[in-house]
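Note that chain A is present in both complexes that follow, paired respectively with chain B and with chain C.
Let's look at the complex of A and B:
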């Protein structure tokens, strides 16, 4: 069973994903449950349009990107190890510095 | 003869009067300006702990005094509070003026920059006549003009690790209204060490962010972002653009949170981050992690302590301002000057001009010769390379010239992106085509070749 989730970008992170802020995606069926770590790899292979180093560094997001799971900081949810649930909303926010 | 001499002297007199009138006008403006920036008389020190409100204060603040959440008690607290605003720009201006209006006891403004014309669309306390003036003076002038009960202190310094703590210590609450990563880390560390809550705002394009750091068990900036972002991932207002009302909203919210903190009300954004999306008209508040025990500044065993503020410019690999720096990627013989390019046009020398700016920028201005527009991020894509090759082939056929004699010339606003474009094209474009860029880009064209050319 594919896993439907919503991926959103903000703070300019959307510029790396075809300038589209909201993406409804179906993660393909797999045996073990989907973690955010798996999701990042999948996004890199399937969604990232350009300059992957501005989104992913090593196995995690690059410094300055905050990950939210259903409107909560991913640090509260287990970060990379969080098990993604059906219809989760995962948001990647690039911090702004301008003023 | 006599008549004519008389006539002439009448003209002279009229001209003299006109000249004097102009002088008077200029003198008046100068006087007005010095009034505005408050440098005629330094105001008396008003910031003192008062036990009761004067009649003037009661009538002035009456509409907020009758709010039970504020009341006389709150107003007295506001009057006893000193607030520091770091950055007199798009966030600092609205924040400062609302804090002055509400009757904060003392407002300090840190900024080292001078007012520029391109600031005025968002930095709304500066005016056309204040272009060239220190921004912190300009804001102080505006705040004093609105509320003479408030003590306003300009700090016209480059905020760095040598002075940050000394300045921060003089205040109770700090607003981060700065425009660069290095200052944000520095200010965070200084606030943690000095034990001050930090109301942090930021804005870019159509988005804003707001949170309160270092307050009641909440995280600090470093808890959220232990490592600075890579330099190439940081966009400033000058490159990314910003709609003035967006920092206007965030700066106003910073003032609001500071007022609540000063009145000992609960902050709405400690351990919460407000995301404002102006295009969708959406405010979202998200829950943040708490203070991180492992944090190098606010954690259980901090390594960044009083007297050891690091070199923030080095730490972030980025300068402590939002000014653009000139890159040097290409060698000298891979670049031509604007004068060289002018000759290309005048002598009709065949070449393919590639403008690597965004399409929206092409509508603002462009060089007076035909150009293909391919933005930097698309420059080495298949379609782009095909388009350039097609242009080269057509041109070399038409001019009956070897393709290796027809250069590709890249141009952008400042001559930074164009260098990166040249490097990418050197990889992607085959056939030994010479590729160069125009040193200093359109800015340099406007400065050295065509003074009527717009700059942005």
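Let's look at the complex of A and C:
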């Protein structure tokens, strides 16, 4: 069964994803559960429009990009290992610009 | 919502807001940043830091009754597709927070927009121009508004970056000043950084959860900026150990400079009257270059660029006086610069080429030792036009 989730971008991260801030997506069916680590790989292959190095570094997000899972800092949720649940809202906010 | 704080405790949304605001309040009170009845100009770019700063200062001023008047001050660098859009954000902030706004442009101050400068100089060193010009522009705007102080949105990450950059450049003068929470207190216009101890991560979180309206596009001209590398480094280190950011600031604060290191003496620019550690300030050298079709004048090695300017001025006036130390013309700095042994000078100076602001340059000081004629700076101080308020050399941090 596909897994419906909501992905949002802010702080300029949306510029790498076709300038669209909110994306309702269905993650394809797979045997094991979806983790954020899997999600990042999937986003890189299916959603990222330009300059992937500004979003992904190695297997995680580029340092300086905040990740929130249902409005909680992902550092409290297990980061890459977090098991994504149905209808989760995952937000990526870039801090890497002038202020 | 839960936020993991860099200091290692998790908070709910409301407690995070409260802790964030009260820590800034603590900084303001502890460092005595504001006095009752002062007017404070908030340097507002429309970006996350200054938007949060304006919001939080307004809130704290009401909550804790600081009794200060807040105004927004924006600099329009003239960057199409970037600053014009971000200024729209500032204009909305003006209405949202009910604060007066003043916009001052590079074009009106210098006759050059950044778009025009980039056409001349290209993408490699344009940030040097922009940084030097912006600092002055903010001061000039603030003087026009007759404010007592400028508050900027520099956060802990920015200051840590600056420490690292100054270490990499070997810029002792700036390294010593860059961690100060207030600078320029003995001059006309002090500047302070209420976010000195505030992590960028928390500013962004705060803006996100408060749904503050801020502008978040990277400057179209900045991808080549040196700061970007320091920034990426800081973020990598933060990932491993979040407190590293405050620790770097602490290291910067704890550095002491050996007594025999010669530090720049700050005076005023003889052309525009702006604070400068040289006879002619960096902005004037850069402007001269732009106006004479030699845009690179302001970005080479400091001693070379000043010699070039010297030569240009001599050609202009036809007074190519080769005698050392005959300071007759206000327009030229001490003539013996041309005669000074370069190696001798540079071995004793901390030359910071390419840095923003007027760089340290002690050659003129070297000259001054043997120079009995009128010190150009004394003369210059008398002809201060824009900074007429200054009685003695201020030490606004470049």
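Here is the rule we use: the second predicted complex is superposed on the first by the 95 of 99 C-alpha atoms of A that agree within 3 Å, B and C clash if a C-alpha of one lies under 4 Å from a C-alpha of the other, contacts with A are read in each partner's own complex, and residues count from 1 in each chain.
Quick note on the criterion: a contact is a pair of C-beta atoms (placed from the backbone, for glycine too) under 8 Å apart; a residue touches a chain by one contact, two chains touch by 3 or more.
Just so we're clear, the structure is a prediction, and the values are computed from it rather than from any experiment.
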item	value
Partners on chain A (chain B, chain C) - clash or fit	clash
Chain B versus chain C as contact partner of A:93, first or second or both or neither	both
Which superposed partner A:53 touches (first chain B, second chain C, both, neither)	first
Touched partner set for A:71, first chain B, second chain C, both or neither	both
Touched partner set for A:11, first chain B, second chain C, both or neither	both
First, second, both or neither for A:63, with chain B first and chain C second	both
Set intersection of chain A contacts, chain C complex versus chain B complex	10-12, 62-64, 66, 68, 71-73, 75-76, 91, 93-99
Residues on chain C engaged by chain A in the complex (per definition of touch)	1-4, 10, 13, 45, 47-51, 153, 155, 158, 200-201, 203-205, 208-209, 216-219, 222, 231-232, 235-236, 238-239
Residues of chain A defined as touching chain B within the complex	10-12, 50-51, 53-54, 57, 62-66, 68, 71-73, 75-76, 91, 93-99
Chain B residues touching chain A - in the complex, by the definition given at the top	87, 89-92, 176-181, 184, 201-205, 207-209, 224-230, 232-237, 240, 242, 247, 273, 275, 277, 284-289, 322, 377
Of chain A, residues touching chain C in the complex	10-12, 15, 62-64, 66, 68, 71-73, 75-76, 91, 93-99
